[in-house]
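What follows is a pair of complexes built around chain A, which joins chain B in one and chain C in the other.
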Partner chain A sequence: MKQEGLKKALPYLLPSFIILTIFTFYPLLNAFIQSFNRLPTPDQYDFSLKTYQWLFKDTTFMNAIQNTLWYSLITVPVSIGISLMIAALLTSIERLRVFFQTVYFLPYVTSAVAVAFTWGYLFNADYGLINLILGHLFGLAKIPWIKDPQYAMSAVMIFGVWRSLAFNVLILTTGMLSIDPQYYKAARVDGANNATSFFKITMPLLAPVVSYVFTIGLINAFKVFTEVYALIGSYARVYKANTMVFYIFDQLWVYKDYSLASAAAVVLLVIILVLTLFSRWLARKTDYNAS
Partner chain B sequence: MRIRLQDVTVRFQDRKNPRNEVVAVNHVNLEIPEGKLICLLGPSGCGKSTTLFAIAGLQELSDGKIFFRDRDVTKLDTQERRIGLVFQNYALYPHMTVAGNIAFPLKNAKWKKEDIEARIQEVAKIVQISELLDRKPAQLSGGQQQRVAIARALAKKPEILLLDEPLSNLDAKLRHSTREEIKRIQKATGITTVFVTHDQEEAMTISDEIVIMEAGFFVQQGQPQEVYEHPSNLFVAGFIGSPTMNFFPGRFEDGSVMVEDYRIASHSGVNGPITIGVRAEALQPKDKGLKGHVVNVELLGRERLCQIQLESGQNITMITSIDTQIEEEQDITVGFVPGKVYLFDSESGKAMARV
Partner chain C sequence: MSIKKITGKTISYLILGFFALITLFPFYWMAITALQDSNSAITWPPQLWPKTLHWENFSRLLEAAPFGRYFYNSVVVVILDLAVSMVVMSFAAFGFSHYQFRGKETIFMLFLATMMVPSEALIITNFRTVAKLGWFDTYHVLFLPYVAGVFYIYLLRQAFEGVPKQLYLAAKVDGCTDFQYFAKILVPIARPMMITIAILKIIASWNSFMWPLLVTNTSKMRVISYGLVAFQSEAGNDFPLMMAASIFTVAPMIVLYLIARKKIIDGIARGGIKG
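Our next item is the complex of A and B:
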């Protein structure tokens, strides 16, 4: 019986398995092998840990890790916090909700490169809107957002938060709308005010959704590249705004150092693997139906 | 607490056609006595749940007023009304334990910790869920969830307990025991209790008084037996009682009540058509009456339930004692038991007399 089932399933499973093998598993394995190869050409092989020693001595890489960590730890919670507020406001209106939902989702479907162009103007030191407002409100001097190592990463984070809002707002709004409205009626009868309702009913019931958004956000944040490349450009490392994927990209296409790029990719893979395990633990932890 | 509804009206906008208005509750006046178990009864969509939510303060009124004793609560928010409400699907907070659910209204009311703890034990004892306090709602059966919902509603010592279709989510066996349970809890606490149901049998068996609604209108209020014996109109007569009352097209003719050429009783009235209602148990095989043919006989222990097709083509139901020999496929003449025949105005449906 089991043999029969496998025979039937095989033709359906094979195509995607073959494609995954060629384009995902093989490159993965190859990157892993190459990361231990310190010879200049991929064709010859010489096992050594030199690449990793080299990698962790490289200040640019350490800076990339640092940037990536900060980027992830700041943009993800900030974005989720703002998204929760927007989602709560969206769910509290009935009229025009769909309209605003669409508006908030637009950044998700627009090209990051095109939007970064606009943000480049906003961040412009001399005539950018952001400096204009900051100058007006707080009397701050003009900040060279994207042309200064001190500020470039902050600019990327602001842009990153804005970019990730779209997805988070959509998921969180849907999550909030799927909470049975009876709970809120019951909470009203039970004398809960709006704040209590939000923190004691909405948040616990939304926890699985928040944990999902948090995990996806974290994994995406560790893979951040487009935001950097589109906003700062190819000189990101000069402005100390490079991230791990940016470093991999640089090693691969600018310095043509396959083994170093591979080693960096393996480090990133390990981090994301750990995050995935953490997310599975988090998902179980936040499932209120589990005992 | 005595509840009085004065001219209560609730209008909704039709979702599909916003210019249309649906009147869910239509100028309802009624008074609910203190300390009794009262049932709002009617078919689905009759406005009974809307009425309940209006009393709870979750449904705004379009018109009219609601009084608790002599206090006008129309504009009061639900948490200021001192009511407990049990939702149809219980609406237990799934992320809290049973104890957490019961404690929630008390925490919101800023009770002291010891008092909350004591009150949880107290209500848990009343509804008999003391051993379930640490469980989550998902680990409870439907009947247990129901009890927890009642416990949560009772926690804040409300003066009125409101239940929306409390038994509709339970299976038949549980429904029986749970309705006894509700009656027991009501007796034990003495709290004025209003519950909504569409099941007339449920209403008949547990409530002290029944309020019958139809299409947004108040129809009749009274003790179960009173409503059963003195239905105020055709709707109530047909809705209350199982099997359903038999209706015959009849007429007044020169001081007599007639169905076809069967003279039932003498009663003065303007010559013309009326509707005659007779319950299954008020039909008997007789010499004089309506001729028919027995289609089906069910033996129900003490009685026989007979389906009869009259010569007019109408199907009727008759219940007789088990000793009355009636077989399937036999011809029969069905007569009415005097004093148990209801006369209704055919046009307005209003009850006219019982003969």
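Our next item is the complex of A and C:
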């Protein structure tokens, strides 16, 4: 009976199983194997830990890790902070709420590349609107946002926050709207003001949702690539705007060093795995319903 | 309403309006720059509204680069992706939801675990795999590695499991095979979820960038996001043409979004709340 079930299910499961085996399970395993290869291509194999030594001695990779860390540690909290405020305001109003929600979510569905080019124009040192506004308001000299190692990463971060608001606002607003209004009514009877309600009711009940957007945000931030490629260009490493995925891309595309690329990918994989497990733990800890 | 309440409401709307402006402004800027003439786009100060609208920028763009072709390629890839992935994913969801066998939940967990793996870690090997298969510059290479979206399989499995078993028994009595039950009863019932997933898949497919960049060599096979990047290195500082090209890229998704806004938002929010 049991084995018959498998026989019947097999034709349905096989297509996805084959695809996942070829394009997910096998490359995952292969990345580990390849990362221990001293030689750059899989055509010859010599097991060694040298690749990881080289990786962590490579100043470009260390710069990439540093940039990725800064990018994650700044954009994620900033974006969630702004999103929490927007979500709180959205739940407090009724008129135009759908309109605002529609507007805020727009960047999520539009191509990062195309929008990054518009931001590139806005950031343009000579003709960009951002420098015009900064010059008008604060009398600042023209800032070379894109083509200067000092500013390139900041430009990427500003763009990154702008783009990530869409998802965070949606999830946090949905989370807030699903909180039972009874709690707020009861609090008002007890004389709580809006701020007290927000910190004593909304935040604790919203904690699992916040930890969720925090995790997704961090994971996406650690994988940042398209934003950099489209805004800064394919020579991001020259402008010290390299990121971990960009490093993988460069090793693969420019230097054809599959082993270093794999080692960098394994490092990224481990970071994301740790973040995911941490978030699972955090979600369980913060979930009021579960405890 | 008290004065205090009205002031509070006004401030709320002002802040929300401010952020709506920041969200929309780049799109506005994209649109009006696309209609500027090339010289006034590089004058200081920038113009917030062009004096004359240069619609001919779009025809200039099509002369400068084969964006018609890029657009067509993207449409073809999206359609093929959709056709193949919806079959693969709904099959998998049916296999997991309808049949009982030993190790089923273990295999399903193995599927779900791949969600933690960043696809960026997989492209190194996938790049070599498709090179060996001789798949560069084909349509299928652009989507085939991504047709088994495990998160969508998970959502579909849930939708299928929500359908009462009595329907299956009744279908059996009427002489339906399992496949007929799947195709004629289950899929139509789960249509709302199927549509949501299809729309999310369209958006992801249309906007995909890194993989097409790696596996396309000839300009003839470029999808629109890659075509856009390639055009940037060719067009350099011709911002109006760049922005016109960007509009080609974002417009279809904006239209889709305005039509299917509720489906898209619900789909994303569901993923968010369920984890």
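Things worth noting here:
We adopt the following convention: the second predicted complex is superposed on the first by the 273 of 291 C-alpha atoms of A that agree within 3 Å, B and C clash if a C-alpha of one lies under 4 Å from a C-alpha of the other, contacts with A are read in each partner's own complex, and residues count from 1 in each chain.
The working rule: a contact is a pair of C-beta atoms (placed from the backbone, for glycine too) under 8 Å apart; a residue touches a chain by one contact, two chains touch by 3 or more.
Note that the structure is predicted; figures quoted are calculated from it, not measured.
In the superposed model, A:Gly160 lies in contact with neither chain B nor chain C. When the two structures are aligned on the shared chain, A:Gly217 is found in touch with neither chain B nor chain C.
In the superposed pair of complexes, A:Phe100 makes contact with chain C only, with no contact to chain B. By the touch criterion defined above, A:Pro144 reaches neither chain B nor chain C. Look at A:Gly191: by the touch rule set out above, it reaches chain B but stays clear of chain C. More residues of chain A are touched by C (comparison of chain B with chain C). Common to the chain B and chain C contact sets on chain A is no residue at all. Residues of chain A that touch chain C in their complex: 2-3, 5-6, 8-13, 15-17, 19-20, 22-28, 30-31, 34, 42, 82, 85-86, 89-90, 92-93, 96, 100-115, 117-119, 121-122, 126-129, 132, 162, 165-167, 170-171, 174-175, 178, 209, 212-213, 216, 219, 222-223, 225-226, 229-230, 245, 248-249, 252-253, 258, 261-262, 265-266, 268-269, 272-273, 276, 283.
The residues of chain C lying in touch with chain A in their complex are 9, 12-13, 15-16, 19-20, 22-24, 26-27, 29-30, 33, 41-46, 87-89, 91-92, 94-96, 98-102, 104, 107, 111, 114, 116-118, 120-129, 144-148, 150, 153, 178, 203, 206-207, 209-210, 214, 224-225, 228-229, 232, 239, 242-243, 245-247, 249-250, 253-254, 256-257, 261, 264-265, 268-269, 272-273, 275. Interface residues of chain B, counted against chain A in their complex, comprise 56, 58, 78-79, 83-85, 87, 89, 91, 93-96, 104-105, 108-109, 136, 138-139, 152-153, 156. Only residues 180, 182-183, 185-193, 196, 200-201, 204-205, 207, 288-289, 291 of chain A touch chain B when the two sit together in their complex.
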